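Here chain A shows up in two complexes: once beside chain B, once beside chain C.
What follows is the complex of A and B.
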């Protein structure tokens, strides 16, 4: 038993027939597993995981689902506009973020050939990292407080949330490109911006479009709940219909939402496969 | 004319890549620079268009003091100097003609370069450059579908479309097979003779240097140890440049150089 524990947690030493000995590489695996198990137990306690509650409330949940069917198709005329608004605010927010992110991502790439100041690079990246820490719901709440509620606020919130993600995805890709063509462009007397446009951008173009699509996909999904904090779209309607216990209306909205997300996701996945 | 006066280059890490170099290269010469790996060949040619800054001495190209160039003036100066690389440095994902047109971008507005709006004149110029190296029919093929030799000829066409007075080539045939290497070297020779363009070529294969160039510059540990016409080279000189007998790897044809 003690031997088994030793074997799992401590590196072994092998002695060869000619007397040479070599020590195994230290393995973090078992230690990490223990830490993860402990974390899972702690989080279950913090979030009050209680199987009995699950069973009891599960019945309410089943009842609610049951009330949603058959969905009320007459409600479609009411929900159509907010649904389109949800998609539009995701699309525009993503596009604004992506367009702004492209030049910035070159400015934050650490390729030595760009000859950018290392300290400036690190501090700007840190700043961007801070932007990335807040969830989109927080931005939506803040923006709704400033610009008032509505889809416009949702769009701005999505743009602010998506911008640092796009920048990071792009500069990590830019750091892997072949810089030979860039050197060739610089040697022709082209400026840095022109050299990047002609030699670096073509190498990351496919990845860029794919990044935009991926973020749009993500944003459509999260946009549905932005209405809860006053940032417009279908979320507003879901919120009110649920409080009025109009479950058959909610049912229709959920079905349309799921279908929309599935259609957007599969189209986007198809396009992305073609791009990269 | 290119004139090095006591030029030295010391890298920030302390490596002395060029030591007190003195050279004069006239317009229209075909010069091969030979020497061991790490001797300073790449550094030497990159100082000519200020891709690398010299640390002391004076470098004058066509009456312009290169050290003083910066920003717009430097970019304008580089327009007249073409550069060719061992790894071709083409953008693989785009067409041959777009690669050649890239050398026209320096003179275009940022707006036009973003949208790729090349003028008809530029397109004709690019096609003519491709014709000069004999691959006009490949213009609309993606660059990565060409053989290594063809890719290097595209790179040469890109440089020609720039209307250069000088072409700097850093080991342009090192990654090609002997047949393609000979074809590309003949392109260089023809361009040199027909358009009176100065050609400075770093070359690992001594036999090719002797066959195609007019003048050889031998460099060892950053110092010029030989500078003279191809005709005056003998085995002793080569031994002096390399510090040993030539190895097979320094000959493209894998046989001894025939010296008269």
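What follows is the complex of A and C.
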């Protein structure tokens, strides 16, 4: 028994034919496994994990899906407008963020040819990184208080949330670009803006459109929940219908939402494959 | 040859340059259409007059966080809420990994027959299609509001991305190594132990660490449907306009996310380069 434990936790020693002894490379695996297991047990205690609840209430899970079918198709006329608003606010939010992100990303890329101040670069990047840490729901809640509840707040929240993501994805791409054409244009006496538009932007153009589409795809997914905090869209309707226990209406909304997400996702994936 | 017959002057080349204006006009028209449709559905009606005042208060709160909440070490304190959020994300990631790994093996095109891998991919895309808060609501029906529902939601919503990345890793496996072990007369278990695990482990650990990083951000949202974590108290504090508490919670969240992002990037770059 003790030998087995020793074999797992301590590296083996091999004696070669010329009398030299060689130690095996130290293996962190078992130690990490033990730490992870301990952490799992602690987390399970913090989060009150209890399997018995599933045995007792497991049928409720199926019951709710069962209640949603058949969905109430008459409800479609009510949910049509909020659904369009959800798509529109994510589309416009993404567009605003994308248009603003493009020039900013050039000012945040660390290509030596751009000759930007290093400290300014790092501090601005950190600032954008801070914006990225908060979830979109928090922005939506704060902005719904400032601009009032409605799809407009959702749009602004999505724009604020998408902007730093777009900028980060773009400047990482710009840093990999071939800077030869840019230097050539600068040496002909063209202005910096002109050289960027004509020599750097065409190289990242496909990636830029693909980034915008990807973010739009993500935002349509997350926009559905924004209504919960009063930022417009379909979430408001889902929230009220669920509190009234109108599950057949919720079922219809869920089906339309899933279908919309799948359609947008597959179109965007097709377009992105063509772009890059 | 034809090349010599053609004259290449600057003026001619300028004439030959591709025509751009139809593209530009079409995209501007499309943009205008989208904005017009947007204004039809998105209306700026009930703008609060106190908006600016609230914005200033939010800023004030963030710079003067409530010390009472930060130093409170009981169950209603900031530290415990953050710990709960991290615990939900951690457990959700681990359970999600154990669910995603077999699914990923089933749906890898290089290992299983076409029919099985197709059906595996179908299952994954169905799981992915539902919005995460719907899972939250459904799990709360079973477990009642609390962090346990959050753990379940996290684990199901992690499956989509985890299995997708894992499939890529599995499909990149080098089959030559496994064939070589086969030729050396290894049993199936030995082939898995010495042929597959060493190839996959660092990739999969790096995927899981990345998802853990994402899950910490996600776990802070779950509270909105009552699934535990810091989310619920944060949203209540914002609704109640207790800006100092909001500031403390936002600060705590930012710091936790940044720390885990830092650790995750360090670990993943270490795993990718092999130390």
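For this structure, a couple of remarks:
In this section, the second predicted complex is superposed on the first by the 229 of 276 C-alpha atoms of A that agree within 3 Å, B and C clash if a C-alpha of one lies under 4 Å from a C-alpha of the other, contacts with A are read in each partner's own complex, and residues count from 1 in each chain.
The definition used in the following text is that a residue touches a chain if its C-beta (ideal position, glycine included) is under 8 Å from a C-beta of that chain, and two chains touch if they have at least 3 such contacts.
Computed from a prediction, not measured in an experiment: that's the story for all the values here.
After superposition on chain A, the partners chain B and chain C collide with one another.
Applying the stated contact rule after C-alpha superposition, one finds that A:187 touches chain B and leaves chain C untouched.
For chain A, the partner touching the most residues, choosing from chain B and chain C, is C. Once the two complexes are laid over each other on the shared chain, residue contacts for A:53 go to chain C alone; chain B is not touched. Once chain A of one complex is fitted onto chain A of the other, the partner contacts of A:5 are absent, as it touches neither chain B nor chain C. In the superposition on chain A, contact is made by A:198 with chain B only, not with chain C.
In the superposed pair of complexes, A:271 makes contact with neither chain B nor chain C.
Those residues of chain A that touch chain C in the complex are listed here as 36, 39-40, 42-44, 46-50, 53-54, 57-58, 60-61, 63-65, 81, 84-85, 88-89, 91-92, 95, 129-130, 133-135, 137-138, 141-142, 145-152, 155, 221, 224-225, 228-229, 232, 242, 254, 257-258, 261-262.
Contact residues of chain B toward chain A in the complex are 49, 51, 74-79, 81-83, 85, 87-94, 102-103, 105-106, 108, 110, 113-114, 155, 158, 162.
Across the complex, chain B is touched by residues 178, 180-181, 183-191, 193-195, 197-199, 202-203, 205-206 of chain A.
Taken together, the chain C residues at the contact with chain A in this complex read 31, 34-35, 37-38, 41-48, 51-52, 54-55, 58, 83-84, 86-88, 90-91, 94, 125, 129-134, 137-139, 141-144, 146-148, 150-151, 217-218, 220-221, 224-225, 228, 231, 234-235, 238-239, 241, 250, 253-254, 257-258, 261.
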